[in-house]
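Could you have a look at this structure, given as structure tokens, before my questions?
We just call them A, B, C and D in the order they show up, numbering each chain from 1.
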Amino acid sequence: MTEYTSTEMMAVCGSRAVRDGERVFAGTGLPVLGALLAKVTHAPNAVIIYEGGNVDCQNTDLALSVADSRLCYKAAASIGLIETLGFLMMGGRVDLGFLGAAQIDEYGNINTSYIGEFESPTVRLPGSGGGNDIASSAGRIVLMFTHAARKFVKKLDYLTSPGHLQGPGSREKLGLIGGGPSLVVTDKCQMDFDEKTKRIRLKSVHPGVTVEWVKENVMFNLIIPDKVPTTPEPTAQELEKLRSLDPQGIYLGKGQR
Amino acid sequence: MPEPVVEDKRISLKEVTKKIPNGAHIAWGGFGYQRPPEAFAMELIRQKKRGLRIYTCGSEHDLDILVGAEVCLEFEVAFFAIEALGLAPNLRRRTKEGKVRFEDYSNLSMALRFLGGALNVPFMPIRHLLGSDMLTKARLRKDKAKVIDCPFTGKPIALLPSVQADFGVICAQRVDPEGNTQIFGIKGEDNEIARCAKTTIVFAEEIISNEEIRRNPDLTMIPGLYVDYVVEVPFGSWPMQVYGYYDYDLPHLQMYVQQCRTEEGWQEYLEDWILGVGSHEGLLKKIGEKRLKALRADKVRGY
Amino acid sequence: MTEYTSTEMMAVCGSRAVRDGERVFAGTGLPVLGALLAKVTHAPNAVIIYEGGNVDCQNTDLALSVADSRLCYKAAASIGLIETLGFLMMGGRVDLGFLGAAQIDEYGNINTSYIGEFESPTVRLPGSGGGNDIASSAGRIVLMFTHAARKFVKKLDYLTSPGHLQGPGSREKLGLIGGGPSLVVTDKCQMDFDEKTKRIRLKSVHPGVTVEWVKENVMFNLIIPDKVPTTPEPTAQELEKLRSLDPQGIYLGKGQR
Amino acid sequence: MPEPVVEDKRISLKEVTKKIPNGAHIAWGGFGYQRPPEAFAMELIRQKKRGLRIYTCGSEHDLDILVGAEVCLEFEVAFFAIEALGLAPNLRRRTKEGKVRFEDYSNLSMALRFLGGALNVPFMPIRHLLGSDMLTKARLRKDKAKVIDCPFTGKPIALLPSVQADFGVICAQRVDPEGNTQIFGIKGEDNEIARCAKTTIVFAEEIISNEEIRRNPDLTMIPGLYVDYVVEVPFGSWPMQVYGYYDYDLPHLQMYVQQCRTEEGWQEYLEDWILGVGSHEGLLKKIGEKRLKALRADKVRGY
């Protein structure tokens, strides 16, 4: 078995969430690595869209920004933000969106705006960007972030982007067309959402991580099935291709393997 | 019979910046690493402007230096960080000091607000923001957004107030003296920004002739009718990038994010890279021909 | 004095309504001839915009359609209808719009849609096209059509495009940003609008036309000032330039001079 | 590992027309004399479709033959005539017969209705139509438009119901097999139409390769993501024009307007130019190489 880092494990999990032929909205960082890996493994017909305006990208160099010039290279179209987040995303034409989060709650609602009180925040995070738009309208959402107990909170400091809101039916009531979060990928485990209650549920733990550890590192009542499988490890092929996508280790890190 | 006059809207970076009064509201172009008005931000700092309010989807180093220098502390904005590199360091510090005030929107919300301003209608409808704290938690505006029951469907829909700022500022690749503007690569929300402002300023890498513009009207993204001032500023988005002209200066950005974590580091950066150089020309001299050449884009790839 | 036709007289009156440097919205036919004539005589810096999407046109050949390929030639921009009628027109950036009419009433309200009852019309006219948009938002409107009593009606069969509606203040009440009609040009006379009442008023009669004739050929109470001047005839230069703009007589007619 | 498949959306004019069921609602591209779907209109007639409803800003000869053949008698539309040549003759006659039903809007109204459909919001605001009978007199729709007091300004504003038609049909200069579409010259409302329909069909003068498209992403007006079918139809807008490809056939249009004033004249035209020729290829044969060559555009002027 090839050695791999927990960051690589996350990217591979992200990749596996992409189905062939899907239209994928990916921000920079691990999500885009996951989407690109999917394209060179099991999902060659996935179409990647970046919110700055590039559609159906075939860039060969890794981008730092969702508006990076690298993304224009061999794109099918290079338009604008109303194209990508409006006509495509709000138009209901995107299957899968990747998002990060500083906090999520047990319904997968997302905070990327503030830590602390709204009136006097401790930290100003990046804000919504296109996150709220993606969370509102993408067919389904995959969340990716490194695991820390403080990120899995009972009550968000600020609700930036809608998950399943207050549970079943609450998205529909507001007319949000997207399906909401379907998967959470951390460096320790994967979580999905219980169909009936729309509450978050442990799906698999990465090799070496215990269910107990996860339970202790989530600040709400996580649904834990009787049997929790171990996440399949990255294959040698996945790792090789993944590393070739980020040869300088911009997102995967340098030499930490 | 009078002869037609080719209107010449060209002006220098220094002069155009003088036209921005303290307290002006500015719709701010560029998206992420692409074509932000960096040279303009630096000149606003040199001229010690105060009390600006900026409207934009997302910007990064350009906004962060304005926050550091306390030129602009009010934002109606969707995204503020240095993508891939981390949080914006001055923003982080000034927020802790309680100095910065945000009105938070999503990227599409801001783009639609500019579109509504360009169309001169008071609002634009959006399906998003519903269920989010962005809809209800406000700081700068009484009328941040309204939710109505759609008179056609009966379902809730959010209405966003249109933006018609005092100034619209964008960076483009090529423009003629009348303001006809060509933008290549992604447009972000710049087409809408250029059309929604009371006064629109185009900074361009290159000035081309009106004849060249008229040779290919399909390439004109912003007709000169919307444009009040044209400013030629080569490398006007450095340390960020302009598709087809130059790439971002990654080592500089990494240095920035690292150094400006402290107020001392920021003050040093401010002196070294903005005030000390005295002008955009001074800045380019400091960066140096060799480095600029290395950043220049391969014409086929565009970066 | 050079001979001229009443059609040429109309085009020349239209031309004289254009001020230098103005942004002019012209449909095809006499209005565009008038605008083009202005550009080659007293208003070289007039900017002509056509609703199909061409902005600041410098075409050398006469166009049949507001979307004619001829209009792309040396245009400053070639975009779309939301650009011209939305961003420019509704945006309040157009000074002058030319319109035709099948009927107008004494406030300059315009019918270009139906003759007869709405439920069972005798004639279906072209409809609004961009007419309503232009009439709502252009700085001022010049109306051009051949004179016939049936066109000047007390009550329109259908109000397609707003003139001064019910008189002073009624446009403002609805938030229409344009100034409304300022001039009516027919082949017999010119009319303008009384500032106080916003009602239509005889401005000048073309050479050979009597005030009496006009009075009889208007089906409402036309305001007639004590002194009605005669419209200045086209100059030789105007006629020469006008004819060179339409050498085939597409709009000016052939050999009817 | 599976290989990427280039999706091929190409189909013949005959086959794509078979996919239009009677009663379908179609958002109809082209503007005035520019790029109307003439070949498609003729094939709809040959296939004896009935009960269509068409949404468009303005169209001319193409719609008039559909009215003549009673393929489409319901329109949500702003303009219907043969510009510069007079009223549309079939329309005039069928209106007198009481057969045609209109829902009248302005050009900008229709374009914004398509934009609203593309954005997937239920309505779009407009400052126009207020004071006009178009706002109050309705035939086909219960919800033709709504006037509300703007929640931001307190002033009246009209809301127009968005259009998301069953089909969106446009003619373009160039398209690749995946549907990535280049339009040169004016765009009218075609960009919005292509994005608002449930199924979008692009007719093009020329099919080009995907590589050619990707060489210049700035020229893609309609990404293939929106497009379901791609149909190569040279001279697909004859007797109207396609910028850069051919000019309109003015003598033919003048003959049409003259001849179709009577039902007999129209029936003769229908037989001679649409049914009798059997297909678009048959039509081109009838027009003749010589005439087509004369119509071809000068590449510099574009017409």
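In this section, contacts are C-beta pairs under 8 Å (C-beta built on N, C-alpha and C of every residue); 3 or more make two chains touch, one makes a residue touch a chain.
Predicted model only: the values in this text are computed from it and were never measured.
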Touching chain A and also chain D, the following chains: B
B-C compared against C-D, more contacting pairs: C-D
Which listed pair, B-C, C-D or A-D, duplicates the contacts of A-B in over half of its pairs: C-D
Centroid spacing, where centroids are CA-atom means, of chain B and chain D in whole angstrom: 38
For chain B paired with chain C, centre-to-centre distance based on mean C-alpha positions, whole Å: 41
Centroid distance [mean C-alpha coordinates] between chain C and chain A, Å: 58
Centre-to-centre distance between chain D and chain C (centres being mean Cα positions), rounded to whole Å: 28
Multi-chain contact sites of chain C, meaning residues that touch two or more partners: 54, 72, 78-79, 82, 86, 90, 177
Sites on chain D at which at least two other chains make contact: 112, 119-121, 126-127, 153, 155, 157, 184-185, 217-218
Topology of the chain contact graph, where touching chains are joined (line, ring, star, complete, other): other
Interchain pairs in contact, sorted by label: A-B, A-D, B-C, B-D, C-D
Complex contact set, residues of chain B against chain A: 31-34, 57-58, 77-81, 83-85, 87, 91-92, 95-96, 98, 100, 102, 104-109, 111-112, 115, 126-134, 137, 153, 155-157, 184-192, 241-244, 247-248, 250, 297, 301-303
Of all residues in chain D, those that touch chain A in their complex: 1-5, 7, 118-121, 178, 180, 195, 210, 213-215, 217-218, 220, 222-226
Complex contact set, residues of chain A against chain D: 20, 23, 39-42, 44-45, 47, 54-56, 58, 72, 74-79, 82-83, 86-88, 90-93, 177
Residue ranges of chain A touching chain B (in the complex, touch as defined): 28-29, 51-54, 61, 64-73, 78-82, 85-86, 89-90, 113, 118, 120-133, 136-137, 158-162, 165, 170-171, 174-177, 250-251
Complex contacts: residues of chain B adjacent to chain D: 112, 116, 119-127, 143, 146, 148, 150-153, 155, 157, 159, 161, 184-185, 218-219
